[in-house]
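One chain, chain A, appears in both complexes that follow, with chain B as partner in the first and chain C in the second.
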Partner chain A sequence: MAHCERAAKPLLQCLQKSYTKGLPGLQVQATRAFQTTAIAREEAQTETKSQPFHKSPDPALVSSPRLERRLLRQGISPIGSRRRRAALETSPNIPFEQLPYQCFQEARNILQADREEKLKDIVTIREKIARLEAVPTEQAGGLQVKNSKLVAMNLHLDHLKVLADVNDPLVKKKFEDGQGDMSKPIYRYLADKKWREYRRKILVQRITQMKVIPDVLPHCDPVVDTKLYFGRTATQPGEFVNSRVSATTPKLDVQLFERGEKLVTIAVVDSDIPNVEKDGFDYRTHYLAVNVPISATSTKVDLSKLSSESQVVLPWMAPTAQKGSPYHRLSVFIMEQKDAKPLNVADIKAKETDRSKTLRTLQARYHLKAIGAHLFRTQWDETMEEVMRENGYSDVDMELRRKRVEPLPYKRRNPSTFR
Partner chain B sequence: MRLSPVLASLANVFKIPLSKSTITPTTGTRSFSTTNALLKRKGNAPRGDRRVTLIRYFLWHPLTPRPLRFSRTRFLRHWTIHRAWQLFQAQQRRAHQLELQRQWQAMQGACEELRVGAGDGGKLFRKSMNKKGIFRDLFPIEYGRMQTEAPSREGWNHEWKRMEKK
Partner chain C sequence: MLQQRLIAPFRVLERAIGPTLRSTQSIPRSSPSIIPRSIISASAPAFSNRLFPLSQVRHASHASQGTANRHSRDPAGKRLGAKRSGGEYVVPGCIIFRQRGTKWFPGENCAMGRDHTIYATEAGYVRYYLNPELHSERKYIGVCFEKDGKLPTPRNAPSRRKLNRVAVPRIETVPAPIAGQSDLVASIEDGVKVSSVEAVNAESGSQLRPGYMYREANWQIGRAAEKAGITAKQYSRNNRWLAWRKRKARAERAAQMKSLKNKKKASKGKGGR
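Up next, the complex of A and B:
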């Protein structure tokens, strides 16, 4: 974009001059001369210059129904609405950053100057980091001092990288269109901000109000955006899922907002299995997979497609709820493995055959840290019986009933104070 | 025994026993309705919250201008200008802060020089730091007189003299 701006600068000045002269014809010519970015369109225009428009209409500009029909017969569908195409036909089609509005251009100059400054700062801090890394540890004042300095400088560097681009309207536009490149820090920053504004709040509210947080894990601060899909429909955190739907293995979309790759453990835990003998509830791990790589750009995790030798420890088990039992909370936890080191799958497979183990045990045993969570619920519904039979559960016909609490015997309320 | 309604209610208040026919309403339909009779009358029906009515009235009044709507690029241009203005103001604030800091540090450096480098054991410095004779409990000078709606007719009191200290 930079070289085209440089090329367009004299044109812009010419345009501003034409503004001051107040010659509308000249202005139109100047703006026409501007079309430097839309190279493809210009090529199309040169073609149309050789041929009249009605012979070979441009699908981005055609607006009359007759020409549209001709295009459709050729198998080309016109782009956008007819209204938009008609507007584009008459517009000079200037690229956004060269729009001839004085205040806008002044604003852009200020933002550009600021960006240059930020880029200079980035270069200097990079040099600083390189210099500090070159200094031997003893001279830098010890390992701890050196490391803390390096971490602080790297944080500042990341901050500067975001600041350099955060005022760019085109970056904002791209992000709003969902075309942001997640390998760049600015788009990660914007996505994180957007997530924290609403979706994370909802998630945290659900997992705390439904007491997943003290029940399954003592603490969780979600830093990755997790979406859960059964088939193609996304599940909201805490939604009731039909048992037939949840019998299929779900897919996850785990959006990391940091640089680099992480190895995570994914666990799905049901914390509400009723236990009649002890008059309480048990845990059951419905899914467990380790060594799942995620990064900011590769977010999709299909739980059914993970390799059964090297990743899946406990395959998916359909969540169920017996008739009469309260709803079951099935919580999905994304847990980061320490130092992004892979765990030994054979050992874990040999050890973790018991599905009734709690997640706290696993977390403590393998030094995991919860970085993302999701939650859905299941309860008795029409298809539950079938699903339970298919998956070989016992006690399908059993219905749980609450024990009737005998009322206390009537006691005449006549203490001394009433008299 | 038929009494006027006022007397009947008074009798009710003072628990004077009356014959039953006077207290119970004569019409049978009224006792079934829970609506207040005053409210039920035409024109007195509840109209909801008055504030909501007013808000609705002014919001949908034809003279109320339509909400400000921008097209995509227009909004982006607006946003660009807004960000640039914020940035510019922040730069100005920072420059001002830095200037103040510079001035303060220059002042402090001068004082330090006076204290250490003057060679009189810091006597000049102590003298200069002495706040005696300086009006110290400051308050805005316009509060030192009676507040008036408008300036006085002559504008300046030429006869004013500073009070003699005893």
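Up next, the complex of A and C:
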């Protein structure tokens, strides 16, 4: 008896046993799967029998970099990690319920039982909330007490919803494949966790190290994931962007991790406009739009496609840097409007015509709260002159040079001690 | 045994002389016995020297050699400490504090040098301060723009900066196309310099070069391949086929050289025998 056969003996026995008592249809599939290959793959092969794998690679199974690249060129991104895809290629692809491992199935049962328990808890807390809402305010001990209780219970409910699904391997797989439905709390929770693990840390480090935080706004705690695109390329926080590239209006991808819709104000501010007379720096607002709706499912915001009547207050202005000036930090701020109420655009348009106003005044005036930020930088480059001329900047022909520092006069200090 | 017998007369001697010695205080010793163990085994003249220290002389030449380990006991001062006090005006680069280690940290508009020296990066007035919001323990040195300004500035206030630049008309720095020019400067008789030959001429062909040679300029010789249209293949990291061929050729060459060397050695060895 060969080694592999001996090793497979208990498995075969198990399958035969279950075949006698289990559902015949499923088990037929399982035994077939065990003996030969995956059903799904077989079906796929029968469909495209005329074409070999390298001609039309499957995004779920492709594992060689060359084929991956070909898929990417077609606009299809491979699913999951390469390691997983390589493993799937040779695996029989049996569903979890039919895997013949006793310990695994026991563990699954425990997780299932836990999920049932969590679902029961959800039902009870929902009933509790409904009961409390039905009670009149006077009996519940005042409006504040009632509200705080309701808020606490709702938070607990959200937590339970996450706990119910957090151990589900299928949920994890879907999330890792990028197929998670952001309208469900579990996927929002996982996405938030992933964002906070690395990307948010980088963002916060950049905006604090480059002093955007005390310079533009006094405080910002990012809670939405913001990505910035010029054309189709994403910009890392703090990256230097070529002036020709940044002359086009960017796109934003604002991922909210909370339920519901929010109305936000989007502002792009340059905090390093040199002012020679003042011997200091000014601010310039390069873009301002209000009443932009964002939610967990609708994340894309194209700044050039927002309506110029009802949303855009100040249209995009190409960021520039005069020759010799230190690099310019252009910070993008996503600011939540109070109570998700729309602002009156006509009023704001009449008021905010001055681009040199600081973001602090705007924030104070309209009760905005910064929930997201991004940052890119610009400096003098080859295309900057053209861009400045196109956009009518007056200071193209001037260059900034370092001022000569007058040295201190030599002073003999306390000569009696010198010997 | 022998030592015991030797020590006995010394003990007697000590008892006799001891009180007088103690009163004179010529040999300051903490131990009651004036005869150390080393001396017991030493020869007689050394012993007598110890007993009568008044006869010992320390000559000037001997003393001038100095004490051992004096340098570690009091080294020269390193002139550390504050060079500018609080409120004093400084310019960029002005050293404010010299220290070993970070007794003070650079605060606003200050930086720290290689040897932890604190120096100013902006013109202003020196401030020595604590910043509990930033760090509970550290002492900072900063430079303030106003004479009566205060440091530290609040954490959420926008940072105060100076431009320190002046606007001047921008000069176009167009990289001029490198015109042909001779690369040597040497005077030849009748006052013609090689460098003064016009660029167009220099490119046309051979010229009189130092050493009385008619030849092309070095830079022209260097561009011969370019003119002939010979191009080297661009190096590509990923071209493993080419890399393999090169490696192979190198190995072959090495093997050939080695075999030649061995042959030489072998022939030499034979000749020697």
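Going forward, the second predicted complex is superposed on the first by the 315 of 419 C-alpha atoms of A that agree within 3 Å, B and C clash if a C-alpha of one lies under 4 Å from a C-alpha of the other, contacts with A are read in each partner's own complex, and residues count from 1 in each chain.
Everything that follows uses one rule, which is that a contact is a pair of C-beta atoms (placed from the backbone, for glycine too) under 8 Å apart; a residue touches a chain by one contact, two chains touch by 3 or more.
Since the model is a prediction, treat every value here as computed from it, not as a measurement.
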- Item | Contacts of A:L99 with chain B and chain C, given as first, second, both or neither | first
- Task: Look at the residues of chain A and decide whether chain B or chain C touches more of them.
- Result: C
- Task: For A:D279, select first, second, both or neither according to whether it touches chain B, chain C, the two together, or no partner.
- Result: second
- Message: Taking the superposition on A as described, I'd like to know which of chain B and chain C A:E261 touches: first, second, both or neither.
- Response: neither
- Message: With both complexes superposed on chain A, which partner does A:D347 reach: first (chain B), second (chain C), both or neither?
- Response: neither
- First (chain B), second (chain C), both or neither touched by A:K172: first
- In the superposed arrangement, which partner chain does A:D114 touch: chain B (first), chain C (second), both, or neither? first
- Partner chain A, residues of chain B touching it in the complex: 72-73, 76-77, 79-81, 83-85, 87-88, 91
- Spell out the residues on chain A that touch chain B in their complex, using ranges where they run on. 96, 99, 101, 103-104, 106-108, 110-111, 114, 167, 169, 172-173
- Residue set of chain C touching chain A in the complex reads 89-94, 123, 155-159, 161-171
- Note on the structure: Note: in the complex, chain A contacts chain C through residues 211, 214-216, 218-219, 274-276, 278-281, 323-325, 395-403, 405-408
